[in-house]
Amino acid sequence: MLASFLQFSMSGLTVGAIYALVALGFTIIYNASDVVNFAQGEFVMIGGMVSVFALAAGLPLPVAGLVAVIAAMLVGVALHRLAIEPARGASPVVLIIITIGGAFAIRGLAQVLFDKQFHKLPGFSGEAPVNILGASIVPQAFWVIGGAALIVLAVTLFFERTLLGKAVLATAANRFAAKLVGINTGFVTGLSFLLSAAIGALAGILVTPITLTSYDVGTLLALKGFAALVLGGLGSATGAVAGGLILGLCEAFAAGYLTSTYKDAIAFLVMIGVLLVMPNGLFGRAQAERV
Amino acid sequence: MMKTFTGIAASLALLGASAANAQDIKIGAVLSVTGPASFLGEPEEKTLKMYVDEINAKGGVKGKKLQLVVYDDGGDANKARTFATRLIEEDKVVAMVGGTTTGTSMAMGPAFDDAQVPFISLAGAVVIVEPVKKYVFKTPHTDRMACEKIFEDMKKRGFTKIGMISGTDGFGKSMRDECVKVNAKFGIEILGEETYGPRDTDMTPQLTNLRAKAGMQAVINPGFGQGPAIVTRNYKQLGINLPLYQSHGVASKQFIELAGEAANGVRLPAAALLVADILPDSDPQKPVALAYKKKFEEATKQPVSTFGGHAYDGLMILVGAIERAGGADSKKIRDEIEKTKGFMGTAGIFNMSATDHMGLELSAFKMLEIKNGNWALAD
Amino acid sequence: MARFLANRWISLALVAALIVLPGLILPSSYYFRVGALVFISALAVIGLNLLLGFAGQVSLGHAGFVGIGAYAVAILPARFDVPVLLAVPAGMVLSALVAFVIGRPILRLKGHFLAVATLGFGVLVAMVLANEVGWTGGPDGMSVKRLEIFGERIRQPRDWYWISGTLLLIGMAIAQNLLASPTGRALRALHDSEIAARVAGVDVARIKVTVFVISAVYASVAGSCLALLNGHVTPDAAGFLQSVEMVTMVVLGGMGSLFGSIIGAAFLVILPQALTLFHEYEHLMLGILIILIMIFLRDGIVPTLHRLLMERRS
Amino acid sequence: MSALLEVSGIGIAFGGVRAVDDVTFSARAGEIFSIIGPNGAGKTTLFNLISGVYRADRGSVKLAGAEVGGMAPEQLAARGLSRSFQNLQIFFRMSAVENVMLGRHIHEDKSAWRHLLGLPSTARQNRDTRARAMALLERVGLAALADRQAGSLSYGMLKRLEIARALAAEPRILLLDEPAAGCNPTETAEIDRLIVEIAKSGIGIVLVEHDMKLVMSISDRVLVLTYGRVLMEGVPGDVARDPRVIEAYLGAGLPGSEGSHA
C-alpha cells in the first residue's frame, strides 16, 4: 500500500516538477509582458535535443548542457526581438498567436537541424534504481526534483535580492510606473525571455534521461505548463510551481488508483473543479471590479 | 482572395509538373514524415527516395523513369485524405506507396478505391485489408499476426496468465484489440490491463498496478514510438522479473538505444531484416535483407528499421507489377499487384491473392530477443 | 469599399461570388476538396469568431464540438440506423446540449482561466473519442456512411463544395442576423465592459451561454460536413491542435470580422497545400508567416486591410 | 412626493476598512440629489452598492418601496435603475448609436431564436430601437457621429454618450458618477443643462460630482460623505456654509480644486 503510494507520488512529483518548471517559465514572461508564451515547451525541447547532439558530437555532458542552455537563451532572445518586440502593444490574443507561430517555427527548424527520432541522455547518476520503503526510484528523479527546487530557489533569490530582479517585478506590477522610474521595460521583457528560455532548457536537460526527447515534445509540455500556470493563479511563481506539482500528482494518482486511460482527463477535471471554486486559481488575487 | 490562392496553388502544381518528363511513371506517397509517427514516416520517405533514384539510375522501369511525389500528412487523417485526392487528381499518379499509420491509411483508402488507383499501405492494422478493398494493399505484418506470434511463443514457454499494457495511440489500441480477440485461441488469460497515452513519460503507476496482479507469468506491450521504451525502462526500474514482450512497432535499433540496459531480455516479433547479419546463409531472405540494410545504413547513417523495409517491399512489389503490366495503367497494375507471388521482401515472402492483399504468412515473422543490446533470434 | 463591406447584402453577395466563381473554373476534385475544406473550416471559424472575436470569450476546446458533430454522423447511422440527414441535426442538438451544460459553470471564468477550462473540455472529448473503441473505432477512427439524397450517394468533393459553400453562406447570414439583433449587441457589448452591459440590463451569464451554444452548433455542423466529405473520421478532428488552429484562423482573419473568418480559414487551409513545395521547411515557413502577418496586420488580415483602405480614402 | 430610492444603513468593508458605513438617504423623482465628499470618501463605492455591482454587508436599498438590496445590476435595470460610470465604461468596438441601442436592451425582445432567423419583427424592432437611440443622440448632441466607432470619440463626447445610453433604458432613477469629470467648461455647461432637463422629465437623479459649481447650481439637496459616513445633508446653500464641510475638504484639498483628477 505505502510502497505503491510512494511510487505514485514520486512519479507524480517527477512529472509535476517539469510541469512546474514550464509553468514557472510561463509566469516569468507573463509577469514581465502579459504574454502567454506558447513556445515555452520548445525551450525544453531545445534543452534536451541540443544536449543530445552536443553529447553525440563528443562534448562532455556538463558542457553539452551548457551549450544547450545558451542555445535556448539565444532562441529566447531571438523570439523576443524578432517576434514579440515588433508586435508590442498588440492584444494578448494576437501575442499568443505570435508565440504559437514561434513554436511552429522553432519546431520546424529543429526537425530540419536535428532529426525526427527520439533521443535520450544518460542518467546523471546512473540508471540503477534506489529502493525506498518498497518504491523503486531512478536516481534521475532526484536530480529532476532537486534541480527543479534549486531553480525555483534561484529564481526567487534573483527576484528578491537583485536589482535586476526587482526591476522585473516592478515592471510586472506596473509597466507604466516602472518606465517612469527609469526602468527599460523592453530590456526587462527581453530578460524575462532569456530567463524563461534558460529555465526551460535546464528542465529539458534534467528530464530527458527519464522522459526521452524529440523535436516535437514541446507542444504537450506547453499545454500542461499553461494549465499548471493557470491553476496556480496566473502570475504567481508559487502558484505555478504548486500548479505543476498538483497536475503531475493528479495524473499519477489517477493512473495508479483510478484509470490509466482517462488519467489526463481526470487531471483536467480536477483542475476545472478547482477553478470553479477558485475562479482566480490557487494563488491568484481576486480582481475587484473597478468602475 | 480565394481565387488568387487557387491561382497560386494551380501555378505551383503546374510548375512541379512541367519539371518532369511526361513519359515518366508517377508514383505517389503520402507519409507521416512529421508528427507523432514521424519515426516511421521518415525512414519510409528516405527508403522510397533512395530506391527510386537507384531504379532510375539503372534505367528505370521498362525504359521509363519513375517519378516520386511525396506529401507529408503530419499524421493527420484529414490532411492525408486531401493529399490522396491531390495525388490522384493533380499529380495523376499511377499508384501510391504510403500511408504511414492505420488512421491515415483508412482515411485514404476509399479515395484510391473510388479512383481505381492501387494503394499499398505501410501501416500495421489488419482492418486495412480486411475486408478486402479492391485497390488497397499493405506490406507490413498485421497486428493480429504479431499477437499470434507472441502468444505462440508464450505458449511454447508455458505462460498462460499474462498482463498487458498498451498505448492509446492507433497502433497500440488496434493491436491490443486484436490480442484480446485471439488470446483465448492460445489458452492465454489476460489478468490485468493498463494503458498509457502516446506522449506519456512515466508509466510506473500503471506498471506498479500490473505488478500487483498475482500469478502473472509475462507482460505484453502493444505500442509504438517512445512509449514502449519508457515502459521497458520503468519495468526494469520496478524490478519486474517477468518476461516482457514488445511488438513489431518497436522493431528498430532506436528502441534498444532508448531502452538501454533494460531492453535486454525483451522479446518481440519482427521481420528478419533486423537480424540479417546472423541469418543462416541458407535463408533465402538473407541477401535481400542484407542488401537493404547495407544501403539504408550507408545512405542515412541511421540503423536500419523494419519500417523503411516495409516501404522497400511496397515499392518493389509495385515496380514488379508495373513491369508485368507493361505500362502505367493503374487497373492493370492493380491486377498485377494482386498476382504477386513469391516476392522476397524484407518482411518475408509475399504471396498476394484476391482474398489476401498482404500476402505474408505468420512464419515471415521471426521471434527476436534482445541480447547484449543487440537483436538475436529467440529460437 | 469600407461602406461597401458594411452592407450585409453586399458582403453576402461577395461571399456568394467567392463560392460560385471558383466553383465554375476549378479544374479538378482536388481543388473542390480544398475549397470544401475552406468552407467547412470557415463555418466553424465564424461560430468561434462570434464567441471569441465578438463576445471576447476564448475557447481552446472548440474542436471538441467539431468532434461531436463528426462522430454524430458516424455513430448514429452506423450503430442506430439513424438516417444520415437526421444525424446532422442530432449532432447539433447534442453539441448545443453539451455546450449549455458545461457553459453555465465555466463561462463564469474569464480570460486564461476560461481558456484552460475549455481546453480541458476539448481534451476530454478527444480522449473519449479515442478510447471508447466500441463506439468510435478508437484512434484510427471509423468510416462514415455516405449521405444519400433521393437515392443518390453524395460523395464527390464537387458536391460537397457546393453543399458546404451553401452552408457557409447560410451560416454567414445567420451570424449577420444575430449580430444585428439585441442579442448580438449584448454579446458584443460584454466584450468591452461586462459591468456596463449588466447595468444596461443584459443578463451576461445568459448571453454568454447563448453565444457559446450557437458557436458550438456551428462547429458541430462543420464537423458533420467534414465527416461526410471524408467518409471517415478520426479523433484528430477534436484534438487540441485543431482547436488551436481554429483560434489561429479567427485571429489571422480578424477578430470580430465575419469575412475575416473566411479569409483566416482559407489562409490556413490553402497555405500548407502551397507550402508542400518547400518540403521539410514547411513548418518553419508556416510559423514565420503567422508571425509576420500578426506583426504587420495585427488586427487580423481583413480588419487591418479594411482600415488601411479607409485611411487611404480619407 | 414619496421617495423613489431609499437607502438605509448601508455599509461595506474591504479587508476590515469600512469603505461605506451606515449611509442613509433617499431621493425623489424629478429631483437632483448630489453626493459630494473628498477623494476616497466612498462615493463611487456607494454607487456600486446601490447599483448592485457590490453586495452590501448590511443595510437596505428600496426602489419605489420594494426592497432591491442584493439584486444584480441587470435585475435593477429591469426595475428602472440606471447609472453612468466614473471611469468610462463604453463599448468601444461598437458605434455610438449601437452603444445607445444597447441601452434599450431591457425593452427589447430577447429571444435568440428569433434573432438568429432575422425575422421581420426583429428588423422592425431594430429600426424602432435605432430611431429612439438617434433621438437620444440628438438630445446629447452626438447625432452627427452616430455611426462612428465609439472608440474614436473624444472624452467629453463619451461622457454624454454614456448618459444617452443610460437614458435609453428609460430609467426611473439615474445614478451619475462624475458626468462632467475631465470635461472643458463648454462641455460641462452642456452636461449641466442636460441633467437639469432629465430631472425635469421626472427622472430621479443621484449625482456624484467634484465640480462644486455644478453641484451647487443644479442640486436640490446635497449629501456630504467623509470616510464612508454621512457628514451632513441639506440644501446647497446650507452645505456650502457648514464649517464641518469646509474642514473636511480642507483636510483633503479644497472642493473644486481637483476637478480633473480622473
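By letter and in written order, the chains are A, B, C and D; residue numbering begins at 1 in each of them.
What we mean here is this: a residue touches a chain if its C-beta (ideal position, glycine included) is under 8 Å from a C-beta of that chain, and two chains touch if they have at least 3 such contacts.
The structure displayed is predicted, hence computed values, not measured ones.
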Most central chain, Cα average position: C
Longest centre-to-centre distance from chain C, chain (CA-based): D
Cα-centroid distance, chain C relative to chain D, in whole angstrom: 41
Geometric centre distance via CA averages, chain C-chain B, whole Å: 35
Computed distance of Cα centres, chain D from chain A, in Å: 47
Distance between chain centroids, defined by C-alpha means - chain A, chain C (Å): 31
Contacts with two or more other chains, residues of chain A listed in rising order: 111, 261, 264, 289, 291
Interface hub residues of chain C, defined as touching at least two other chains: 131, 195, 280, 282-283
Chain D, residues touching no fewer than two other chains: 53, 85, 89
Residue numbers on chain B that touch chain C, as the complex places them: 1-3, 5-6, 8-10, 12, 15-16, 33-34, 70-72, 75-79, 81-82, 85-86, 88-90, 101-103, 106-107, 109-110, 114, 125, 127, 168-170, 173-174, 177, 195
Chain B-touching residues of chain C, taken from the complex the two chains share: 18, 21-22, 26-31, 33-35, 37-38, 130-131, 133, 138-141, 143, 155, 157, 226, 230-234, 236-237, 263, 266-267, 270, 272-274, 276-277, 279-280, 282-283
Interface residues, chain D side, partner chain C - complex: 51-53, 72-74, 76-78, 82-83, 85, 89-94, 98, 101-103, 105-106, 108-110, 112, 114-118, 122, 125-126, 129, 165-166, 168-169
Footprint of chain A on chain C - complex, ascending: 52, 58, 105-106, 108-110, 112-113, 115-117, 119-121, 123-124, 127-128, 131, 195, 240-241, 244, 247-248, 251-252, 255, 280-291, 294-295, 298-299
Parts of chain A lying in touch with chain B, wherever the complex brings them together: 4, 7-8, 10-11, 14-15, 111, 115-120, 127, 129, 136-138, 207, 210-212, 214, 216-217, 220, 252-253, 255-256, 260-261, 263-264
